[in-house]
Amino acid sequence: MDKKIFDYNVDDTFDLFLLIKNADVRVAKNGKKFIAFTFQDTSGQIDGKYWDASDPDIEAFTAGNVVKVSGKREIYQGNPQVKLFKIRLTNTGEPSTPEHFIESAPERKEDIAEEINQVIFEITNANMNRVVRHLMSKYQKEFFQFPAAKKHHHAYMGGLSFHTISMLRLAKFIANQYPEINKPLLYSGVILHDLGKVMELSGALSTEYTLEGNLVGHIVIVDEEIIKACAALKIDDKSEDIILLKHMILAHHGQLDYGSPVRPRVREAEILHQIDNIDASINMMNSALQRTEPGTFTERIFGMDNRTFYNPNVPKVTNEEQMELLD
Amino acid sequence: MDKKIFDYNVDDTFDLFLLIKNADVRVAKNGKKFIAFTFQDTSGQIDGKYWDASDPDIEAFTAGNVVKVSGKREIYQGNPQVKLFKIRLTNTGEPSTPEHFIESAPERKEDIAEEINQVIFEITNANMNRVVRHLMSKYQKEFFQFPAAKKHHHAYMGGLSFHTISMLRLAKFIANQYPEINKPLLYSGVILHDLGKVMELSGALSTEYTLEGNLVGHIVIVDEEIIKACAALKIDDKSEDIILLKHMILAHHGQLDYGSPVRPRVREAEILHQIDNIDASINMMNSALQRTEPGTFTERIFGMDNRTFYNPNVPKVTNEEQMELLD
Amino acid sequence: MDKKIFDYNVDDTFDLFLLIKNADVRVAKNGKKFIAFTFQDTSGQIDGKYWDASDPDIEAFTAGNVVKVSGKREIYQGNPQVKLFKIRLTNTGEPSTPEHFIESAPERKEDIAEEINQVIFEITNANMNRVVRHLMSKYQKEFFQFPAAKKHHHAYMGGLSFHTISMLRLAKFIANQYPEINKPLLYSGVILHDLGKVMELSGALSTEYTLEGNLVGHIVIVDEEIIKACAALKIDDKSEDIILLKHMILAHHGQLDYGSPVRPRVREAEILHQIDNIDASINMMNSALQRTEPGTFTERIFGMDNRTFYNPNVPKVTNEEQMELLD
Amino acid sequence: MDKKIFDYNVDDTFDLFLLIKNADVRVAKNGKKFIAFTFQDTSGQIDGKYWDASDPDIEAFTAGNVVKVSGKREIYQGNPQVKLFKIRLTNTGEPSTPEHFIESAPERKEDIAEEINQVIFEITNANMNRVVRHLMSKYQKEFFQFPAAKKHHHAYMGGLSFHTISMLRLAKFIANQYPEINKPLLYSGVILHDLGKVMELSGALSTEYTLEGNLVGHIVIVDEEIIKACAALKIDDKSEDIILLKHMILAHHGQLDYGSPVRPRVREAEILHQIDNIDASINMMNSALQRTEPGTFTERIFGMDNRTFYNPNVPKVTNEEQMELLD
Amino acid sequence: MDKKIFDYNVDDTFDLFLLIKNADVRVAKNGKKFIAFTFQDTSGQIDGKYWDASDPDIEAFTAGNVVKVSGKREIYQGNPQVKLFKIRLTNTGEPSTPEHFIESAPERKEDIAEEINQVIFEITNANMNRVVRHLMSKYQKEFFQFPAAKKHHHAYMGGLSFHTISMLRLAKFIANQYPEINKPLLYSGVILHDLGKVMELSGALSTEYTLEGNLVGHIVIVDEEIIKACAALKIDDKSEDIILLKHMILAHHGQLDYGSPVRPRVREAEILHQIDNIDASINMMNSALQRTEPGTFTERIFGMDNRTFYNPNVPKVTNEEQMELLD
Amino acid sequence: MDKKIFDYNVDDTFDLFLLIKNADVRVAKNGKKFIAFTFQDTSGQIDGKYWDASDPDIEAFTAGNVVKVSGKREIYQGNPQVKLFKIRLTNTGEPSTPEHFIESAPERKEDIAEEINQVIFEITNANMNRVVRHLMSKYQKEFFQFPAAKKHHHAYMGGLSFHTISMLRLAKFIANQYPEINKPLLYSGVILHDLGKVMELSGALSTEYTLEGNLVGHIVIVDEEIIKACAALKIDDKSEDIILLKHMILAHHGQLDYGSPVRPRVREAEILHQIDNIDASINMMNSALQRTEPGTFTERIFGMDNRTFYNPNVPKVTNEEQMELLD
C-alpha cells in the first residue's frame, strides 16, 4: 500500500486508498447523474468520473472521505485521469485519516519554526518585534497548517509557513547584499504579510474563501490584527514604526489593481512585494514543469498571466569531457 | 470692510484683509526672490506675486497669517489674480483670526448634527447603531471641522460633514424608492465612509496628507476605527453585520484602481459608491461652473477625468408667454 | 391553473401552460437532435431539454408558442431547470396569448404615462418641451411595450417606460437637492435617453437587435429623431437648446468606450449618466439577489463587471427590545 | 516681396508681410505685458514675442491682420522663431488679404472637384448616389475651403477636400485589387466621411471647435445630414443602403475610444477607417519630416502616439554604377 | 470525382476523397472513444465525428492521410459538418497526395515570382537589393510553400507569397501617390517582413509553431537572417541602410503589445505596418463573408478583435434604368 | 581641493573644479542668452544658470570640459543648485580629465571580472559557456566602462558591469535555494542580458542613444551578437541550447509592452526578468533616498511608476536596553 497514485504509469491498473477532495454531482446528457471526483494522495491530485451514480452513492462518496478505489490511470486531453472500476468506503482498520493523504510542505514544521525564531532575534525594533511575536504566537497552529492560497501557489497543508520561510531566506540574502535595507522592517513584513490567509481561507482541506475573506480580504485582516496586537501590548498604533509595519502588509500586492489599498511607498515594502512575486512564481512554474515532459510546454498557468512554459530537452550539465574541450 | 475680494470687479483696486493660504518663495529669472501667494477670504481664493522679496518679508508673510493688502483685481490667463501694491501684517485690533477668512459649509453645524442624529434612529441594527454613535462621538469635533478632500471637492472647513449630509439625503430618497435596500447598512456606511479623512488630512487650514494618510489611507483607517469601536463596545468584530459594515467602507471607492482593497460585493456598498460619486461630481462641476461665463467652458476639472464643462447661454426657463404658445 | 412555475418547489412535479421563449435545435453527442427550450411565465424563465426530438416536434415547438408542459422542477448546476415529461401545443379554448406569459413592469402604464406628463409641464423650455411631447406621442405605443434592454436590466415588457419613470423620480429629487441644475434639460434628457431602444430592438417578445440597432445604435437613433422632430415642428436644430438636448442623449453612456460618441461636457449630461447607472445597477442587483439564498452569493452579473453579490443573513431590523438596550 | 519667411536661413534678417495667426497677450515676470505672436505665410508658421506691448499695440495687432515685420529668423529650442525688430499694420496698397498668406492644398480645387465627380459616376446605387450629390452640392463651398482638422493633419485651407481626394485614390486602387469590395458603398463613405468638419470647425482662419463640434462632433453631424438629405430627396432612411451608408460614417474612427459610437461591422467600413489612417498618418509624418534635418529625429507627433520619426541620411537611390556592380 | 465537398448542398449525401487535417481522439460521456476529424479538400475544411472508434481505427485515420468518406453534409450550430456513414483508407491507384487536397494561393507561383523580381529592380539601394535577393534565393522554396499564418489570414499553401505580392501591389501604388516615400526601403521591407514564418511555422500541412517560433518568433528570426546575409555578402551590418532595413522588419507589428520590440520610428516602417494590416484584414473579412448568407452576420473573427461582420442584402449595383432616373 | 560639491552645505560658498555634463543655451524672457549648466564631480550632479552669456562664453563652456567654478550651494524647489559667481576654463597643470569627475561603480573592475570568471566555470553547458566567453572577451573594455542606462539606474561609468555582478550574486543564491533551476542557462542569461547597451548607448560621457539603439534596441542587438558568436565558434545556432539562450535575452523585459518581442516562456527567463527588476529598483530607490531627509519623501522616481518613497525617521535598531525589556 506504499505505492502512490502518481507512482503508477499511464495504463496501469491500481487498487488504492485515496482521499476525495471534491465530489460534484452533475447530470449527464442522458439525464442520469454522475459524480465528478477529484481524488488525491500525497503524490498529487487526479480526476475521475463515476457514471450512473445512485442516491446512496451520492450520499456516501463526499469530499473529505477516504475511499478504496480500483481503476486505471489514464491521460485525457493532456491531464491525468482515473478510469474507475470500483469504489467503496474504507472499513475499520483501514487508513481513513484525511490529513495522511494530503500533500504537505517539504520541510518539518519544527525546523521552520526554529528558523523563524532565529530571524525574529534580528528584528531589533522593539515595537515590531513584540507585534510579530504576539501574532505568531496567537496564530501559531493555523500558521503551520494553512495553505498559502486556495490554488495557484503553495496550495497545500503547511504551504503558508513554507512560503513564508522561503521568502525569509531570500529577504536575508537581499538585506545583506544591499546594506541600506532596514532589516527589522523587512523581516517583520515578510513574516506577517500573508498571515491573514488563516482567516481569509477556511482551512487546509476543501479550502474555500470565508465571508470575511471575500468582503474584507487577507490584506486588511492583518492590518486589523496589528491594531489588536498594539492594544494588547499597549503599543501606540500611531507611532511611525507601526505605521511603517502596517504599510508593509497593505502594500505587498504591489499594485492597486491586485488589491493593495496603497502602492509601496517605502523601499522595504517594494522589496517585500518583489520577494513575494519571486517565491510564488517559482513555485507555480516548478509545479507545472514537474508534470510536463521534456521538449513540451506546460498547461497554461493562471497565476503567470496564462502563459505556458517550455520544459527543455537540453541536459543541464555538459559532461566533463565536453567541458574540457572548451579550453 | 464688509466687501470681499470677489465682490470687486476686474481692474478695481481694493484695500482688504486677506488670509495667506500659501506662500511659496521662488527665485525669479533675474536671480531675485519673490513670494507666490495664494490669498483667501470667504468669497474664494486668489493668487498674487510679490516681487523682490527681502528676507524679513519672507519671514513675516507666511501661510496662516492675516495681512492687509492693497492691490488691483486682474485676470491672468483666465484665472483671477491680484496685482500687489502693498502688503503688511495686521495691527492689534484688526481682524486676525484665520478661521474668519475661510470658506465653510453652507449649512449650520448644529442643523447637520441634528439631521444626522435623526437618521441614526433609523439604523435599527444594534451593532451598527452603536458603532456609528461611538465613532461620531469620538470624532465629533474633527468631523465638523475637516474638509472632505485636500482639493477637488468640498475642500473647505466643514466640507466633510456637508458632503456626508448631502449623501445621506440622497441615500434616504433612494432607500425609499427601492425598498429592498437595507437602510441601517446603507446609512451607517454613508455616515462613516469618509471619517478617516480626519486622520488622513492635517486639518482645515493648509491641508496636507499626514504620514498615515500617505501610507495607510482613509479607507483602512476607518476599518481600524471600527475594530477599536467593537473592542470598546464589546461587540464581536467577526459578526456578519460588522463584516458588512467594514465592507461598506472598504469598497466605497468602487474600483481597486481607486484604492479600495475590495470591490463592492454587497448591494448597499455599490449604492454607497454611486451616491459618493454623484455628490462629489456635482460639487466639482458646480464649483467650476460658477466661476465660468455663460457660453464658455470651465477649466479642466481634474476629478472629472480632466474634462471641461460648458456653461450654457440658454435661459433655464422660457417665460410664460412662450410656454402658453406651446399648446 | 393560477400557480406559476416558480411557485413550485424544487423536485415538485407540475402541469402548466408555459410560453416558449427560445427553442434551439441542437445535435446530441449520440447524433440525435434535441431542443434546448427556455420557457417562461410571469414568475420567470426556466430552461429544459427535450431529447430525441422528431422533425414534426421541431416544427411545432417554436419560440412564441404557448405549450402545455408536464415536468419536474429541478436545479442544475445552480440554475433552475425543468425535467420534461410531456409537452404539447395548446388546444382551442386553452390560454394561448404570449403576452399573458411575460413578466411586465410593476406599475400600470396609465399611471406611468400620467406621471411623465406631470413632469413634462416642468420642462419650461419651449423647444425642449415640444420635441419631448412630439416624440413621446410618436412612439407612445412602443415606449410602453418595449423592454429597456435585451437582457441585463429591465428586460421585460414595459421595462423601457418603467426604467424611465424610475430615473425621472431620481432626477426630480436630485434637481431639487442641487438647485443649480437645469431642470428642463435634465428631465428632457431622462425621458428621451433610451427611446431609440424601440428601433434598436425587435420588440418585447424574442427580443433581438435589429440591423439598425447593430449598425447605428439607439444613441444615434434618438439624435436622428430629434432632427426629424425639429423639422416637423419647424424648430432650428442649430439652436443652443437643441444642441444641448442632443448632447444629453449622445453622452448618456458616460464613456466613449461604452458607445457614447462624446463624453458628458454639460453638468446635466453627467448627472443623466449617473442616474442611468444607479437605476440600471440596482435593477440588476435586485433581480439577481431575489434568486439567491441568504448567506450565499449571486451568479456573476455581466452588467456589473461580472461581480457576484452577497445576500446577507443579517436581519435588516433589530427588534425593539434590542434597540432599547442601546441607550 | 516674393521671398517667403521659410526661404530665409537661420540668422538672416528680413522685411516681410506676414499674417497674424494668433496673438496672445501675456504678462511677463517683470509685470509688463507682451504679445506672443504666431505669424504665417504660405511657406509655414513661425512664433515671435513682442515685449513691452502698449495697449494700442495690443488693440492693433490682433489675429487675422496682415502686418509688415522686420526681424531675424532664429531657432529656439529646436523650433523656428522670429526675433522682432519692428512691426506695423499694412498701409493702403500693400498686401492685406489674409487668404493670400495661408498654406493651401497642393492641387487646384477645380481638378479635385472634377475627379470627385468622375468617381460619383461609379456610385451605382441610386440612394447613395443621390445623397452624396445632394450633400456635396449643399456644402460645396465649405468643402473646398475647410481644413481637415484644427491641427494634426491637412490643417490648411482646402485640406478637407485634398484629404478626401487622396483617400478616394487609395480607395479606387484597393477596390480594384480586392474585387469583393462594394465600390458604391466605399466611395460614398470616403466622400462624406469628414464632411461634418465644416460644422465642427469654425473655418479655415483661426480654426476653433464650434459648440456643435464640441457637444455633438463631426461624426454624428454627418449622420444628421444624411437624415436631412433623405427627407429632401424622399428616400426611405430605414432602407438597408442608407443604414449601411450611415454606418460607414459612424464607424470611421475605427474604435469606440476614438469617438465612433459603433465599431466597423461592415467590410467597407473597416477599409474606410484604414484608408483614413494611412492618408492622415502619411500627411503628419511628411509634414514633420520636411522640417527635420537628415540624420535627426522629428519633434514628437501628437497624432502618431507622440512618436518621433527618423529622417535617414541614406540616399534613396544608389547611383547606376553601384547598381551595375550588383550583378 | 471532380465535385468538391463544398459543391454539395446541405443535406446532400456524398462519396468523396478527403484529406484528414486533424484527428483528435477523445472520450465520449459514455466512456467510449471517438475521433473528432477535420477533413479538407481544395474547396475548404469541414468537421465530422466518428463515434465508437476502435483502436485500429485510431491508428489508421491520422492527420495527413487521404481517406474515402461517405456521408451527409450538414450544418451544426452555424458551422458546416459531415455526418459520417463510412470511412476507409485509399487503395492503390486512388488519389492519395495530401498536397492535392489543400487550398492554395489563387495565383501561379511563377507569376508571383516574376512580379517580385520586377519590383526588386526598383530596389535601387545596393545593400538592400543584395540582401533581399540573397534571402529570397536562400528560402525560395519555402517562401512559395508556406502559409502566412497558422490560422487567421492566408492560412493556406502558398499564402505567404500571395500575402507578400498583395502587399507589394499596395506598396507600389502608395509609393507613387506619396512621392516622398523611400521606395527601395519600403519594397525591401514588404518582401522580407514575414519571411521568418518559414522557420516560425512547421510547414503547410498540419501547421504548428516550432520551438524557435515560440521562443524567438518570426520577427527576430528575419533580423538574424539579415545579419547572416550581410556576413555572407560582406556588407557592413552597422551601415545606416541595413539598420533601416532591420528596423522595417522589427517594427512591422506596429505596437510593442503585438510583439514588435520597437515601434515604427521611420516613415516607411509605419506604412509597411499599415499595408500589412489592410491586406490581412481584407483577407480575413473576405474569408468569413464568403461563408455567410446575405442579410446575416459572420461568425466572430478572432483577428478582427472578435467582431462579426454584416453581409449586406443590398445589391452592389443599381441597374441602369434606376441610374438614369437620377438625373 | 579634495572636498567635493556635495560635501558643502547649503549656503556655503565654494571654489571647485567641476565637469560640465550639459550646457544648454537658451533665451531668457528679456531676450538675452543664458547657459543652463549641469555640473558634476564624483559626489553627484548639480544645476546652475549662467546669465547674459556672451558668444565666446557659449563657445568655451561646452559639455565635456572641466571648469573652475566659484559659487554658492543652494536649494531651488527642492533640488540642489549652484549660484554661479565665476566660471573659467582650466589652465595647464590643473585637473582636466573628465573621467576623474564622474561617479563610478563602488567595486573594482578587476574584482568584478574575477568574480564573473568564477561564475563562468559553473556554466557547464559547452555552447553557452563558449558564447558567453566569446562575447565577454569581444566587448570586455566597453562592458566595464558603460553605464547600465542613460539615466534611471546604474547610470554611471562601470554601471553595466556592477549591475551585472549584483544580479549574478542574486542569481546564485536563488539557484541554490530552488535546485530545479538550470544554472548554466540562468547565469549565461544574466551575464549577457544587457550587453547590447554597449551599442545602444554612446558611452559613459554625455550618454545618448545611438541610431541602432533607437531603431533596433539593446535586446535584439544581443540576439544578433549571439548569432555572430555562433558563426565564429562554429556552433549550430538552431540547437536548442542556443535558442534557449537567445530566449533569455529576448524575454528579459518581461512584458511585450516593455520591449521584449516574446514573454518569458522558460522558467529561467522569468527569473532573470525578476532579478533584473529587483536590482534595478533597489538601485533607483537607494539613489533617491540618499538625497532625501529622514521624515520626508523622495522626488518622483520615473522608473518606479513615478512614485515617491518615504525615508523613515524611525531608527533601524532599537538599543540593547530596549530589546532586553522585550522578554
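Per-chain residue numbering starts at 1, and chain names A, B, C, D, E and F are given in the order in which the chains are listed.
The criterion applied here is as follows: contacts are C-beta pairs under 8 Å (C-beta built on N, C-alpha and C of every residue); 3 or more make two chains touch, one makes a residue touch a chain.
Because the structure is a prediction, the values reported are computed rather than measured.
Return the chains common to the contact lists of subunit A and subunit E.
C, F
Any idea whether A-F or B-D has more C-beta pairs in contact?
More contacting C-beta pairs are found at A-F.
Would you kindly tell me how far, in whole Å, the mean C-alpha position of subunit F lies from that of subunit B?
The mean C-alpha positions of subunit B and subunit F differ by 44 Å.
Where the centres are mean C-alpha positions, what is the separation of subunit B from subunit E, in Å?
Roughly 60 Å separates the two chain centres.
When you check subunit E against every other chain, which residues touch at least two of them?
29-30, 211, 214-215, 240, 244, 265-266, 297, 310
Applying that definition of touch, give me each pair of chains that meets it.
Listed in label order, the chain pairs in contact are A-B, A-C, A-E, A-F, B-C, B-D, B-F, C-D, C-E, D-E, D-F, E-F.
Could you please specify the touching residues of subunit F with respect to subunit E in the complex?
Subunit F reaches subunit E through residues 211-212, 214-217, 219-220, 223-224, 227-228, 231, 237-238, 240, 243-244, 246-247, 250, 256-262, 265-266.
Which residues of subunit E touch subunit C in the complex?
28-30, 51, 76-77, 83, 297, 310
Using the touch definition up top, name the residues of subunit E that touch subunit A in the complex.
Touch list, subunit E to subunit A: 26-27, 29-31, 211, 214-215.
Which residues of subunit E touch subunit D in the complex?
124-126, 129-130, 166, 169-170, 173-174, 177-178, 180-185, 240-241, 244, 263-267, 270-271, 274, 277-278, 281-282, 285-286, 289-290, 297, 304-305, 307-310, 312-318, 322-323, 325-326
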